[in-house]
Amino acid sequence: MTNFAQLFFDAASLGGLYAMAALGIALIFGVMNLVNFAHGEYIAFCVFALIVPSTDAVAVMLLGRAPALILVPLILALGAAIAIASEHAVFRHLRRADPVAMMISSFALGFVIRNALLAAYGGRPKAISLWPDLNTPVRIAGAEVPLLQLIVILTTLLVVAGLAALLKKTRLGLEMRAAAENFTMARLLGVKANVVITGAFALSGALAAAVALIMATQTGVADVRMGGQVMLVAFIATVIGGLGSLPGAVAAGFLIGAASVLLQAFLPLDARPFRDAFLYTLVIVCLLVRPQGLFVAASAKPRV
Amino acid sequence: MSKLGVFDISVRYGKVPAISDLTFHLEEGERVFISGPNGAGKSSFLNAICGKVPTSHGRIEMDGDLLTGRSPEAIARLGLSMVPEGREIFGSLTVEENLRVGTGIRQDAQAIETDIEEIFAAFPILGERRRAAAGALSGGQQQMLAIGRALMTNPKLMMVDEPSLGLAPKIVDQVYDTLAALQEERGLTLLIVEQSSLRAARVGGRMVLMRGGRIVGEGNAADMADRDALAQAYFGNSHPEPEAVA
Amino acid sequence: MKPLAFASALAVLALPAAAEDITVGFAIAQSGWMEAYDTPAATAAKIRIEEINANGGLLGRKIRWVEADTKTDRQQSARAGLQVIDEGADMMVVSCDYDFGAPAALSAEAEGMVSFFLCAEDVKAGIQGVGPNSFSGSVLAAVQGATMAEWSHAKRDAKTGYVLLDTTIEYNKGICTGFDWMFPQLEGTEIVGRDTFKNDDASIASQITRIKALPEEPDVIMLCSYIPGAASAVRQIRAAGINSLILNGSAVDGSYWLDATPDLSGFVVPVQGSIYGDDPRPEVEAFNAAYEKATGSRPASSYAYPGYVLMDLWSKAVERAGTLDGNAVTTELEKMKGEQTAFGPRSFTNELHHQNSAEMQIIEIQNGKPAVVENWTISNPVPLDVLLN
Amino acid sequence: MSSQHAQHRLAAYSTPLILSAILLAFVAFVVILGDKALARTAAETLVRVTLVVGLWIFVGNSGVISFGHAGYMAIGAYCSAWLTLKPQSKALFLPDLPPWLMDAQWPVLPAAIASGLLAALVALLSGAAILRLSGIAASIATFAFLAIVNTVYSNWEGVTGATSSVVGLTRYVDHWVALAWAVAAIVAANLYANSASGLALRATREDEVAAKASGIDMYRHRLWSLVISAFFTGISGALLGHSIGVLNPDSFYLGITFISLAMLVVGGIGSLSGAVIGVLLLSLLIELLVRAERGITIGATQFALPSGSQEILIGVAMIFVLILRPAGLTGGREFKLRLTLPRIPLSQEPTSTN
């Protein structure tokens, strides 16, 4: 009934968004066992950085006015900066703490960022006109898709490939992969904890910024709550993908995006509002079938 | 000044003491075995030296530099390297990548490449599987990799925690032969946890006996082994000596 | 604990001095996301209070107000209600949304006090969800949906409609209820499809794919949602090249979000009054001017207006009853049938403390510019059983 | 030796006594002040004590973080609404309820207990699947459970009213009712923690592998603790509903999940005292900050915090506590009466773990 190509683009673009967010969460979890619930607020923060802080209803563009060539690196740097800053201010002091205490403090940090944004920008969602031209439809493989969807898919592939190259080819990447697997052992070999952790936070923050740019372009609005839903899905993706496994996080992100799109497309109307209930039931089933994660070797023991 | 000086240290986990008021010295180029029953504090001792667990009391020095209070990476950078119990290789990294993790503290980029080739020469099986995931190696191969990885930091002092654990006797011989050869070649100082005094005697060196978080005996490994054999003959096993399994 | 006890002791002491005044208690959100809706409406109510005071007050007494912050939190709302009661409120104004206003309104109800929701548009915001002394200053969501259905059929010849419902909050469902009640009654019409989404969905691509899979683009899409989800949905619908007329509820009024879809056209909103300076009724523009004078800017959306309306209606009822007593004032309010206000006539009955029919201004956005195109009152009020379905 | 043992038991059982006394003193203080809004704050705080103590019964003993307890709360809250609402209002707003439920009009106390039982039953069924997992996978599964409950309750028009609020709940929960349930929860939590099952479960928390090796059936004990935990969590949901007067699925989602976990962790996840203290201190701090936002007069000077700063400050305070005391304010210790007899240092107290 529905065009197959169209469905593919819908699934791939949503999945790409989730995959990028999941990577951001998995990177930090890998190096310090922290489930960073402030990740959603990093996304919101980057979106709001596009506009002038003011509680007025009409948003005035701040960074959003800059040309893309400057804007994109600037926002990515900003995302990295807030992530690094939060590591310095909060998580650095909690390295010896239990993962639960770290998780709750990340939630508290998110709460602080969200309310600070509310105080600075007011509770009313703001409109953002970021690259409206990307929302023109193009025809491809028999489907008519907004240009942005293609860009999201391409960006995800680029980001994932870029990150893979960085992890595979650079010194920092090697140290991060080693640290993700066994942090203490890496330190015993002289790998500097601070460098690796700062690197992980910077990358994670930049990924949040990339998600923020895509969401802002796609939805055209800025709202303090906008990162929350993506963050939760991403969090789930990192677990069912296999904690500590970056390729697993990406794959699971795509999988959840695809499942969500397929459920929306094929559930009967009366069941469609229950879409998320079906989705989360699938999540529980995945966990029960493969507690160690879908995309890691079955022999690997579940971590934590 | 000794290579490693441990002065009156204590380590505790919560309220449970693991090491109490321990003092110990290690000379340049020496090879020392630490032996003792399970729970004697052998691993805690090594972990305290390398900075993995904090000491509650006392100080540790290497070449006159204070190690106490430094992070593990800072200690590694001073020239101390560790082959931990259970090897802890990075299973998802390739064999070669495992070797390269510890090279970040070295400036001599050229020498790193030749060192890697040297390790592959010493352990040919690692060279054959340099691109394979380290997790796929057998236990003995992983032990070799862990030793190679520790060597790649170009250490002055290397600590090896139970290299024979879980390995077949033939493999253990091979591991010790390699360690001895490497020590010869590089002038390494070695501190090895080894439960079997017989094994230690065969390799040769000083031997320290720990029990209940303290050093309770010390001497030439060969003498200690004789004493053990005697004790065993008269009183049964003085400390457990697990026979290796493949 | 000491300063706390001390502060509350002071608050109690402060009361008797002002016993001559009439006290309006605002238990509204001054922080959190509801604040954006509550503050403009409360400001409008205060403008009406100042006007009444300038004209000699109510029952010869001055009106003053006390405020407590609900923080966009249900539990805090209940507490804020009790707090303004403690501070001597004679009537209570509560938050815009039913969920966040009701806990406070229930406290007012327990005291036999009249309470008004600032701009709640759910039928429960009144007798059905709070009690006999509870009212809302706004127009039911279902009326907005029904207005869209009837107007688009009459003026734009809409025959095929598509319903896109955001299931996140009850308001959205109210809009769609009104549309679903009215549209099929009209001649030659058909609802050709439906779908649902959630306000915070990162993308509604698959919902859009379903619309595009229709043999023909529908004449109208009834979008039952609110900002930000609505703005995001509109942007994605237009990005996919769908050009149907998009119908909405009042919640998306205001030009502040239009940047989300530059040069938007074919987008229609029903409102109680126009903020764009083109309302045919001069009283509305006079209010806009007064609002600008009080706050420094014009209202950001039509949601300021119900605050003014409710204070106007309540003060008239008090004047007629000659007392502040809750039941007496309610009786007077229920007698109002087509009572004129600056924003059109208002009626209450002993069954419904809400507007199930109202004169709405139809705002259409063309090339990114909103303007009043007509005014429209639905031919039949939305029946109570439809509202309660 | 047996007297030594008995003494430890006695000391362990003194914990609920001390905690109840603290809560009673708190209520007495509020009653003496006679401020309506403050009395309400007290009632809400005590409902939260019931919730967090309920949460602790599972999380504190098993060491598994649950994101799913707000789901049990929702189940309890709606169950109490089904049982206590007037039949005519149910016919109007919840038309798809089965006839026997439609006609039911139970007194509030049995309804509260039934709500707890329903939540416990759902916990038994959901836990039977979820608790086959451990660690973070189990936590994610509990979150998925919450999301499922929330989605179902937000869309099951004829039974839960979906996003439309359920209205007309009698607001009977004052500070005394809430105190009674909080004390009940504390006593039950203490009894469970000192029962064979509770002690066994805590052993698994310390060392899963060793406990399994010693033959402890972790799965069964976890399921038990979840069922008891869900019972009190369900009751706290019913209490919350009858305190606000209006029910909406949104009340039982992420907000309450995180704040209850935060209170537990800040107080100290390792002990029952931590659960209670976390709620009391954070609630008190929130109330003080809310009042500070409204303006406080100290001497001749009046100062007020800007609106919305309360949320920021409470977040900052939580971060500070966790940095300074990662194991929570109580550090996993219990309040206990110290008996004068000398203690043998070798035997570890069953409840002082961290």
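Think of it as A, B, C and D in the order they're written, each chain with its own count starting at 1.
The rule is simple: contacts are C-beta pairs under 8 Å (C-beta built on N, C-alpha and C of every residue); 3 or more make two chains touch, one makes a residue touch a chain.
Which protein is which chain? UniProt says A, D = Branched-chain amino acid ABC transporter permease; B = ABC transporter ATP-binding protein; C = ABC transporter substrate-binding protein.
Just so it is clear, the structure is predicted and the values come from calculations on it, not from any experiment.
**Student:** Could you tell me the least number of steps, going only between chains that touch, from chain B to chain C?
**Tutor:** 2
**Student:** Could you tell me which chain lies farthest from chain D when each chain's centre is the average position of its Cα atoms?
**Tutor:** That would be chain B.
**Student:** Going by C-alpha centres, which chain is most central here?
**Tutor:** Of the chains present, the most centrally placed is A.
**Student:** Between chain A and chain D, what distance separates the C-alpha centroids? Give it in angstrom.
**Tutor:** 31
**Student:** From the C-alpha centre of chain A to that of chain C, how far is it in Å?
**Tutor:** 36
**Student:** Averaging only over C-alpha atoms, locate the centres of chain B and chain D and give their separation in whole Å.
**Tutor:** Averaging C-alpha atoms per chain gives centres 49 Å apart.
**Student:** Tell me, which residues of chain A touch at least two other chains?
**Tutor:** Where chain A meets two or more other chains at a single residue, that happens at 118-119, 228, 273, 276.
**Student:** Would you please write down the residue numbers of chain D that are in contact with two or more other chains?
**Tutor:** Within chain D, residues 154-155, 307-308, 311 contact more than one other chain.
**Student:** Strictly by the criterion at the top, what is the full list of touching chain pairs?
**Tutor:** The complete list of chain pairs in contact reads A-B, A-C, A-D, C-D.
**Student:** Spell out the residues on chain C that touch chain A in their complex, using ranges where they run on.
**Tutor:** 29, 31-37, 72, 167, 194-196, 198, 200-203, 205-207, 209-210, 212-213, 227-228, 231-232, 235-236, 238-241, 254-262, 297, 300-301
**Student:** What residues of chain B sit close enough to touch chain A in their complex?
**Tutor:** Listed in rising order, the residues of chain B that touch chain A are 50-52, 71-73, 76-77, 81-82, 84, 88, 90-93, 97, 100-102, 104-105, 149-150, 153.
**Student:** Mind listing the chain A positions that touch chain B in their complex?
**Tutor:** Contact set of chain A toward chain B: 171, 174-175, 177-178, 181-182, 184-193.
**Student:** Using the touch rule from the top, collect the residues of chain A that touch chain D in their complex.
**Tutor:** Against chain D, the touching part of chain A is residues 35, 37, 90, 93-94, 96-98, 100-105, 107-109, 111-112, 115-116, 118-119, 228, 232, 235-236, 239-240, 243, 273-277, 280-281, 283-284, 287-288, 291-292, 302-304.
**Student:** Name, in rising order, each residue of chain A that touches chain C in their complex.
**Tutor:** Counting only chain A, the residues touching chain C are 1-3, 6-7, 9-10, 13-14, 17-18, 56-59, 118-119, 122-129, 132, 135-137, 144-146, 148-149, 215, 218-226, 228-230, 261, 264-265, 269, 272-273, 276.
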